[in-house]
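Labels run A, B, C and D following the written order; every chain starts at residue 1.
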Amino acid sequence: MLVVLKSDATPAQTEAVCAEIRAMGFAPHSMPGAGRTAIGITGNKGPVNALPLEALPGVERCIPVTQAYKLVLREMKPEGTVIDLKGTKVGGGATFTVIAGPCSVESVRQMDEVARFVKDQGIRVLRGGAFKPRTSPYSFQGLEQEGLKILNEIGAKHGLATITEVMDTSTVDDVAGAADILQIGARNMQNFSLLKRVGKASKPVFLKRGMSATLEELLLAAEYVLHGGNHQVMLCERGVRTFADHTRNTLDLSIVPSVQRLSHLPIFVDPSHAIGRRYFIEPMAKAALACGADGLMVEVTPDPDHALSDGAQTLDFKGFEKLMQALRHLAGALGRKLN
Amino acid sequence: MLVVLKSDATPAQTEAVCAEIRAMGFAPHSMPGAGRTAIGITGNKGPVNALPLEALPGVERCIPVTQAYKLVLREMKPEGTVIDLKGTKVGGGATFTVIAGPCSVESVRQMDEVARFVKDQGIRVLRGGAFKPRTSPYSFQGLEQEGLKILNEIGAKHGLATITEVMDTSTVDDVAGAADILQIGARNMQNFSLLKRVGKASKPVFLKRGMSATLEELLLAAEYVLHGGNHQVMLCERGVRTFADHTRNTLDLSIVPSVQRLSHLPIFVDPSHAIGRRYFIEPMAKAALACGADGLMVEVTPDPDHALSDGAQTLDFKGFEKLMQALRHLAGALGRKLN
Amino acid sequence: MLVVLKSDATPAQTEAVCAEIRAMGFAPHSMPGAGRTAIGITGNKGPVNALPLEALPGVERCIPVTQAYKLVLREMKPEGTVIDLKGTKVGGGATFTVIAGPCSVESVRQMDEVARFVKDQGIRVLRGGAFKPRTSPYSFQGLEQEGLKILNEIGAKHGLATITEVMDTSTVDDVAGAADILQIGARNMQNFSLLKRVGKASKPVFLKRGMSATLEELLLAAEYVLHGGNHQVMLCERGVRTFADHTRNTLDLSIVPSVQRLSHLPIFVDPSHAIGRRYFIEPMAKAALACGADGLMVEVTPDPDHALSDGAQTLDFKGFEKLMQALRHLAGALGRKLN
Amino acid sequence: MLVVLKSDATPAQTEAVCAEIRAMGFAPHSMPGAGRTAIGITGNKGPVNALPLEALPGVERCIPVTQAYKLVLREMKPEGTVIDLKGTKVGGGATFTVIAGPCSVESVRQMDEVARFVKDQGIRVLRGGAFKPRTSPYSFQGLEQEGLKILNEIGAKHGLATITEVMDTSTVDDVAGAADILQIGARNMQNFSLLKRVGKASKPVFLKRGMSATLEELLLAAEYVLHGGNHQVMLCERGVRTFADHTRNTLDLSIVPSVQRLSHLPIFVDPSHAIGRRYFIEPMAKAALACGADGLMVEVTPDPDHALSDGAQTLDFKGFEKLMQALRHLAGALGRKLN
């Protein structure tokens, strides 16, 4: 903690601040600077409570130095976390993993058709929403338990790992029983009850960045899961809220190298939800690969124009095939293995 | 739905769009304009699926006309919703309701001291967090069930209505059993499982705006609760995420008249969480009253510098007394009754 | 400057950082903390260049302590700046100044009608745009020199101080010759050539906050003007860019107490441009007064529906009269004098 | 223009709206929909004034259909604009142009050293700031005329095209006399006096996106220049203001395909200013190339840690060489020619 004094703080005020720091059991270090003095605090074992200090006369503000997250830090685990999904290695830098499938599970037939297609395209992880978070109560809310059952059967039939969203604590066991990865949606990134609960689950967690979450908040949300005992966490950028209106959300790709500098966790990119228009998916997917993301989540369905949800941002088979060709070519040039 | 064509759309393309609209069972209305043509659609009973139309050659974009929310609309219920909290009327324009109390319930003694004090100040609704949503897993998480018990006892002892946050579906019954109002926090505004669940509860809901929620999303979140059968909903502005860094969040007071124009639901303002610094609470509280808010939620505790959470934004008793004097005076001048 | 080391920084790395600080001619102060060490720097007379330090192994980041603005600081001038506009005192806390007039000067007749009306309403400062910044080159760009001439004549005729926008360095002399206050628009808040130029002018400057300007940037823009020698600066909040779409911009009223805490300069609010809809002007104007703003800039014209610019946000005479009654009543209750 | 009526609008109100549209000289087209009616307007030759209509009882809102920009539209010029810079072709899709050089021109020696180096690296366009827009009046403001002279001489000596920022109308001739490209900085994107003035210049314009500019505003700013007669405009994304704090600004790469869909103008990316940290430049530069940008502007200087401005985001020679190798390899894989 650093206590910055006002430029007109008196020596008596400065001494009073030092005295308060000593009374807290810590040691003050006065540092006169250009224009104003700052006082450093040492001797603390954790965060210092700034409030009694900020309330003193002559104090301008307090600057915390210590970060709040620990387990997610790369400093704690220099090599990247690698997660094994039925034999497919995710994270660690050598691979680029594409997770694909429809926005919503709609029927056995639809999922079977998609699974066969994406497997042919080299995909190893199948997505499909059973519980759907929808802005309006009048929109399609997903097939729920029936959707889980379909996803599970189709994944097993085609030998694909599966991922689906879990929306509340009461369905964690059901989802963990049916799918290989538990997805936490952007709207639930700070649903702390849910984070604590999936921290106790045995399946990997795919944690999407909230629509206005800072990097620190994203890492702290992941810290909840690791703190609960589940160290298999993948992060995912899916666009943030800004004033810009040419895309549904603003895809913040700079979080990819930012996460990789601070944390050992894999970081994915979901361009479908960020962009909201299918014609921007391919360029942004290529950008995600080029800036070093560990993988991609992308929506694909045979007939997106008649999908029950999010059709505007979903690729059809032809568009997906074109995307995969482009990504495979680019991954090769970048020395990454597409899986 | 309005289909806007490109400026170079051919007559054949225009006709193809009209044919598709007819095939959907609706009627197209061609409207040649300056530079480009638009085609209106009539005959639909609900939202029109834009995707098959946007995919046609010559189509620039589709503009939806119908809003997604219904039950919250003022058009449906011109007089404002008034909620009765143990005899105190909230909403409807004649009153200004101040909800006050500590950020967290910390002990019987603390709650008793606060309850006595705020009741003396004319307060009718006591707040106190039992389950606390905290960004870091290492921060104090609330007294939980013990906190509920204390809040319930202290409310009963002093004859105050009580409000506390409910964080997940599994504790809704507990919270509804202990408190008079169920608060949904900003981070849970789009926790749709929770919204559906409190829509079945018998207690009023206090719904905070999400940190990057649009007005439409806030109203649709409330629509979930009304749609579930619970029509007693209060909304609350608590600051939104922007680039501005002089306050913790940016308090968006313009949402107060915006809500009142569109919806019949009461709208509160929480300046404590938005601003994050206690010295800005009084000016922003006065602004909230002046622009027509139905009430205020404000944090007060005997010794904020040593509170277990959010002390920086919490008033002490002296500051709260000063705030109430200022608000009472201002409310009088504005013809509003403080309660 | 505070240099924060990584948690795994070695003693040798720590010593290398201290050696570099000494080589810069400053003194290092090592402060071991919980988990990581920070090194304070003293002996500097101005900002320290962080880059050589950030490049060293073991360094996490550098935190600057010194602010960049000086002349605008309240610490330098505890009493608020009061500006005399033809006998009307602006700033300092006792008054609330309403600046009113049309968005654009359109004709002698229009300005004469507005001037007579607003003077009757107690207004002392007349606004009217001669040079108009317009997003599109195809929109009305103002009457320019003819507009200045009309504004000047009408101001003189009715004994009103006048304010109009200056858009570039080449017209500063013309504008300063015709009007009593030089307005810098939001889009020019960081037009540093213009700021330097008006710093040499003899007329007060009315500086609008840029659409995404932080408080620090606003104060530094004002610092440019004071640094040039012109100490008569009024600041003005007019809404900032956010994701929110229920108003044109988000009016950030919390900047009013924030400016007043840091700076001695008066702070105004312009609700017309922020909100973009006339029915929200009155509630937000009352909020601006209630939170302590020094004044208001508001648009009024006889027939806003046919104004050449910004009609949607402009009050008609009846609406303005209602607004002034409400403000006068509220100002009285708050112990402020409307002028 | 589409006039959306309230759900409870009466037939008489609907007819009054139609009558007003007819009185304006246009034709109304009533379109009853689900829940509410909309009225289309035809017969207009330009934008319709919505205000008289929005003021009528029963009207909910008006939706404009026509865009305000014309000359920049791809619909008007399907093939992309290609600009010839001393024989180097910029834009059009086949090439990827890297503009490089120091943030500020500091001396003949510095520029000579940089020019030799970047030319060796295959660069054809040299950047260097002579007039510097600085947030603080106390920061280095550039060598101004002396800087222009140095840039001009060094460009001629090494046969490089040159680019430098022009900050006001009074120095456009000087800058156009000394450099090959006129840069308009982000803070001046809506300095309309300057846009009009460079619209009359004979040199190409490099227009940076404002820190909170929408795509429409960026295109309209370019429209000002084209409307003035100068059709040689390059656009540049350099990061926008958001709540995110892990980078200085948020690089919005999705504007690259968005611009390319709507406009024929080339679009560049400047990762240095957006990111503010040199270790993120390479990943974001590769992403810019991968998503289809026409080029890059990047800062390089021999000793960035002691540069007079923006050193934190500037590459040294070794870092730049590594960047160029990565880009050349990637461009080859993508079928683009680096120049």
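Please note the rule applied: a contact is a pair of C-beta atoms (placed from the backbone, for glycine too) under 8 Å apart; a residue touches a chain by one contact, two chains touch by 3 or more.
Keep in mind that this is a model prediction, so the values were computed, not measured.
Participant: Could you tell me which chains are in contact with chain A and with chain B alike?
Facilitator: Both chain A and chain B are touched by C, D, going by the contact rule given at the top.
Participant: Pick out whichever of the two, A-D or A-C, is joined by more C-beta pairs in contact.
Facilitator: A-D
Participant: Need the CA-centroid distance for the pair chain C / chain D, whole Å please.
Facilitator: 26
Participant: Starting from the mean Cα coordinates of chain A and chain C, work out the distance between those two points in Å.
Facilitator: Comparing mean C-alpha positions, chain C is 38 Å from chain A.
Participant: Which whole number of Å gives the spacing of the CA centres of chain A and chain D?
Facilitator: Taking the mean C-alpha position of each chain, the two centres sit 30 Å apart.
Participant: Counting only residues that touch at least two other chains, what does the list for chain D look like?
Facilitator: 212, 240-243 - these are the residues of chain D that touch more than one other chain.
Participant: Under the touch definition given earlier, write down the residues of chain C that touch chain B in their complex.
Facilitator: 212, 214-215, 240-247, 250-258, 261, 274-275, 279-280, 283-284, 286-292, 329-330, 332-334
Participant: How about chain A: which of its residues touch chain B in the complex?
Facilitator: 49-52, 54-55, 68-69, 133-139, 141, 167-170, 187-188, 190-194, 196, 211-212, 216-217, 220, 223-224, 227, 240-241, 304-306, 311-312
Participant: Provide the residue numbers of chain D that touch chain B in the complex, in ascending order.
Facilitator: Residues of chain D touching chain B: 1-2, 4, 6-8, 29, 31-36, 38, 40-42, 44-47, 63, 65-66, 73, 75, 212, 241-243.
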